[in-house]
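Here it is, the structure, as structure tokens.
Chain lettering (A, B, C and D) follows the sequence in which the chains are written, and residue indices restart at 1 in each chain.
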Amino acid sequence: METRTFKVSYSPHIHNGSSTSKLMWNVTLALLPAAVISVYAFGLNSVRVLFLSTFFAIFFEALALLMRNRNWKQCFDGSAALTGFLLGLTLPPGVSNGIIILGSFVAIIVAKQVFGGLGSNPFNPALTGRVFLLIAFPVPMTTWPLPRGIEQAKQFMGLATTKVTDAVTAATPLAAIKEHAEKALPNISTSDLFFGLHTPGSIGEISAIALLVGGIYLLVRKIITWHIPVSAILTVFVIAMITHFINPAKYPHPFFHLFAGGLIIGAFFMATDYVTAPIWPMGKIIFGIGVGLLTIIIRLWGGYPEGISFAILIMNATTPLLDKYTVPSPFGSKTMRRPS
Amino acid sequence: MKNVIHMILTLSIISALAAAALAIGNRATKDAIAAQAKLKAARAVLKIYPNCKKPEEKQIKTPSGETITAYICPGNRVGFTFSSKSAKGIPRPYSGLIKMMIGIDKSGTVNGVQIIEQSETPGLGAKIAEPSFVNQFVGITLEKGNLKVKKDDPSGMIDGISGATISSRAVTSMVKKALEFYKTSLISQIGPPKKLSSEKKEIIKVPGKIKKDIRNIIKQNKRKRKQRYPVPDSAKDQMIKEGVR
Amino acid sequence: MRAFKEFSKGFWRENPSLVLLLGMCPTLAVTTSAFNGLGMGLATTAVLIGSNIIISLIAGFIPKKVRIPAYIVVIATLVTLVDMFMAAYSPDLHSALGLFIPLIVVNCIILGRAEAFASRNNVIYSFLDGIGMGIGFAVTLFIVGSVREVLGNGTLTVFQYKETIIQYVIYHKEAVSPALVFILAPGAFITLGFLLALKNYIDNLLKAK
Amino acid sequence: MSQTRTFSGGIHPAYNKDLTSGFETVKMPLPAKVTIPVSQHIGAPANPIVKKGDVVKTGQIIAEPGGFISSTIHSSISGKVLTVQPEEHPMGQKVMAITIESDGEDSWIDLETVSDPFSKSPDELKEIIKKAGIVGMGGATFPSQVKISPPADKKIEYIILNGAECEPYLTADHRLMVEDPESIVKGLEIISHITGVKKLYIGIEVNKQDAIKKIEKVLGTNGTIVPLEVKYPQGAEKQLIKAITGREVPPKHLPMEVGAIVFNVATAAAIKNAVCEGKPLIERIVTVTGHGVSKPGNFMVRVGTMVSEVVEFSGGYTEDAAQLIMGGPMMGRSVASDSIPVIKGSGGILVLPEKEVLTDSWGPCIRCGMCLRACPNQQNPQLLGNLIEKGLFSRISEEKLEELVLDDCFECGSCTFVCPANRPIVQFFHMAKAYFRSQKRK
């Protein structure tokens, strides 16, 4: 009998088959409904933005990996693509190509690779990119073309760029409320916000229902847990309800705050970013409440009409602390008699 | 003990020398610093009225009680500084204080506006100091035209700076208040118009470049008006049009 | 030979901003345009040279225990003088640099050089050290200011005195919208961070040779 | 049947138990030669008392316990001692082992059978168990006579038999419960007699319905069968106690701290064999399974038989067999060669084909928190894994370590199983533990 040698590896010898890139692509998949709605609403323009942001995110990731002497093929692991895709979804549909590319650069190089790449970045890269652009280019980043449906998309074929600059612009619902709530409030219907076919806004944030579909998919697949989205949305809802009861003419009803702006995409897809969110359940709940609180404070009393990006980035800074102070007691330590 | 005395002595000598040096420095620069402060205002007047080389100066009081200098130029034209705190009812600027030099002639027409001090966001609100914005006020009176930013009131005459509505609104309101102040109280403070023999019609020479600027702005505004405000087709569009961005 | 070494070390090897990371407050706060950076750098240089000379002269007479207060008095006097002269003869720069002129008093470069160098070396070396460090600081501020101004405003102001302004328009704001963030505070951090990275990168290249 | 019970955390791997769970245990013919290591248990190795050339009988003691926590070793066949020298051991390293050549007779020593074990005093029974070399057969191989004699100040309330067998693939305990429930129950009663504890429980995962029914029939009202949720690591001692009694064993403490003692069902059966029939522990059921063997099955194997022979007997390897694992896929140990003996704790021999062997490349931690949810101990595999990977563990102080409860990790592998970045977290823990042990020794 001949002697066989066997491969040696450490236990366990089986695996559930999950992988980082599968997770990332799943999140990207969950964002697709929102992307489809945006293409319906903004036409080829949104395809342009999403393609450029995603493509250049992957490109910069490969570049950075090369410069860091890593395997550049890791740029296809889905994390860069997800960052780029998320960034694209937070931009207004009319922004110019240069701005998109700069956003991808900041997101991947400045916010992620400079800190050590995947798993090491303290702040959400896509949001860092977006906030950088918002501060750098306030005018283009707050110019919102009106969504004009599929008919317009047909017209855009062939001469998308010239049409883009001529697009009709308008205020986002949140900006309109911020300027003069009394005049604007009666004109905005919640169902428009919910389905998102008529309201101006960022590419990915207009349709609440599409985002909810994606968010529920993530919850069902257990890719994210309920703690962050539920606590963030609930906080916004409760505070919006209180202010609405105090002065209904000035403060919109809670559902308005839920479906307008980027609360849903932020709470489900950005605040839950693994790398930058706390990992323990209690920390996640505190994190979510913080995000909700800061969002609604900025919306109601801050200088900007929308505050979810800032809220998430600020809370990202608290993640290490939350991780440290919310560790649940390990198995059996409750039984342990403490000598004191 | 000897050490302590040594220390005290050393520090005293050094402080005394420093005080002496500062006194000399202060004397050397005092006049120049005072001149600079005046020069700044005078230069702004000169920009509005290029041939008002030697204006008559008069101390006047603003509605909020501060004392400012009015520069009275030939032709009964007055330049005076006006800040965002000089009158009540001016909306707060985005950050800090805005101070401007405004030139008004006896018919109550704005001849020019110069921003002397401001601390608005660079690149956004700071654009209020650029000619393309302030030259919009040239020729405006209280009676004709609606002194409001278009974003707040579609019939307004002033094109706000995009992304800096708050700053534009503050300046527009300042001009309005300055005109009101001119009418209600400034004229009485500076006394009746002097009749000078040399005074006939003084032609204000607008430098060629500014002329060109103004022409361009007018052109641009015409184009913008076309694009920005389409005919609304529903109540919602009406709302959106009035909205901010 | 040593004289040259003391003079040139501030340019690169011991650059106050990029290596010693001293004087971050003016580096970040006033470099909104190239000329503001340069002006701040030159004002600091003037104070630095003056303080280095005076302190190297008087260091021998000052008791150890009161040396810091004595240095501070000297530096504060020099700064106040610079402040007054700048207000008198370059009011635009003075208003742009604003609060940061008096703050030169607490700029770590000056006290740091006084304590670490001038009090232990003779006048000539202290003078050369001050001039070298000052130029290194001014050039760094000028570079930070240039990058920020070009990226954030599209212009490059190299000189400004009374009515004379030398300003190059790098690109037109109407055609390419500049990245405002560079004029704002975060832009200063980003710019300085990239400059630091660039310097370390070059150093590594030189070391590899 | 009452509701199924469980603990929090844990994972649901593919069980693959139907490969062998339906096959009755086959008694393997006597091997021509056995190699019996003197260290088959936790604690000090036993001291050999035979030398080269001695003739031994089946069941004869060939090594005496080497300390308080140690166990007796017996010859598993009759024949002549060939060598007493270090040999390859399933746990790696070379360990002193006694090789015996079979004479083919299998002539036993005189067995002392006891018809009524309950007439004997607990101390006598303990001595029998010690003599018989019984150790925990679930894999931990803790000497049973030690476990059964708790210190006087600890009050024991529960005796729990572990029939969970949560490791995927393995079915040795399952077959034992189906085929010989009487021995298990008898063993349980003997343990109850020794310790004087009346609360008896048998925990069985609900995917073994046939075993539950059989045991229930034999057990009657003497004890309680607790159906457990099918989840890994349900059979881990502390998790089992939590599931059955609701009590959590504190970190760094033994189960007796909360008044419970846990035995594997196979251990209970071995105790019964030792007490009633006088048979020492010289054979056990081994599951040979995996897609790398052509005919998986359960075999009654004498201790010391070579793994290669067991696999040969079951039908041999398939062409693409690539990985040999002693034990289950979660906690078993991958070995390079199959010329190693079966020992008392070997419940399974798992052979994986090429395509099922995992890649060993791994990526950075993305902090997804999957490992935290999987950890049955609610520990912090994510943080600890990262610290250890970056070499920071040498800077963690002893107190910090105590707080992080690294010692309490029993390397169940749940965290690594779920890690999307494929990080070898268990391996990190293993390394860190070894490091701290060496530090303590200094």
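Just so it is clear, a contact is a pair of C-beta atoms (placed from the backbone, for glycine too) under 8 Å apart; a residue touches a chain by one contact, two chains touch by 3 or more.
These numbers come from a predicted model, not from an experiment.
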| item | value |
| --- | --- |
| Intersection of the contact lists for chain A and chain D | none |
| Shared chain contacts [chain A and chain C, defined touch] | B |
| Furthest chain, CA centroid comparison against chain D | B |
| Interface with the most contact pairs, given as the two chains involved | A-D |
| Closest chain to global C-alpha mean, per-chain Cα centroids | A |
| Chain C-chain D separation of Cα centroids, rounded to whole Å | 72 |
| Euclidean distance of C-alpha centroids - chain B vs chain C, Å | 33 |
| Distance between the centres, which are taken as Cα means, of chain B and chain A, whole angstrom | 43 |
| Interchain centroid distance [CA atoms averaged], chain B/chain D, Å | 88 |
| Multi-partner residues of chain C (at least 2 other chains) | 180, 184 |
| Per-residue overlap in chain B, given as positions that touch at least 2 other chains | 124 |
| Overlap residues in chain D, where contacts from two or more other chains coincide | none |
| Pairs of chains found to touch, sorted by chain label | A-B, A-C, A-D, B-C |
| Touching residues (chain side chain C, partner chain B) in the complex | 32, 58, 61-63, 65-66, 69-70, 73-74, 76-77, 80-81, 84-85, 87-89, 91, 152-153, 178, 180, 183-184 |
| Of all residues in chain A, those that touch chain D in their complex | 1, 3-16, 18-20, 22-23, 74, 77, 79, 117-120, 225, 274-275, 277, 279-280, 323, 327-337 |
| Chain B contact footprint on chain A (complex, rising order) | 138-139, 142-144, 146, 166, 168-172, 175-176, 178-180, 183-184, 187-188, 198, 200, 305 |
| Residues of chain D defined as touching chain A within the complex | 11, 13-14, 168, 238, 242, 247-251, 253, 257-258, 308, 312, 317, 321-325, 329-339, 350, 352, 356-358, 360, 363-370, 372, 376-380, 382-383, 405, 408, 411, 413, 416-422, 424, 426-427, 430 |
| Complex interface listing, chain C residues touching chain A | 176-177, 179-182, 184, 186, 190 |
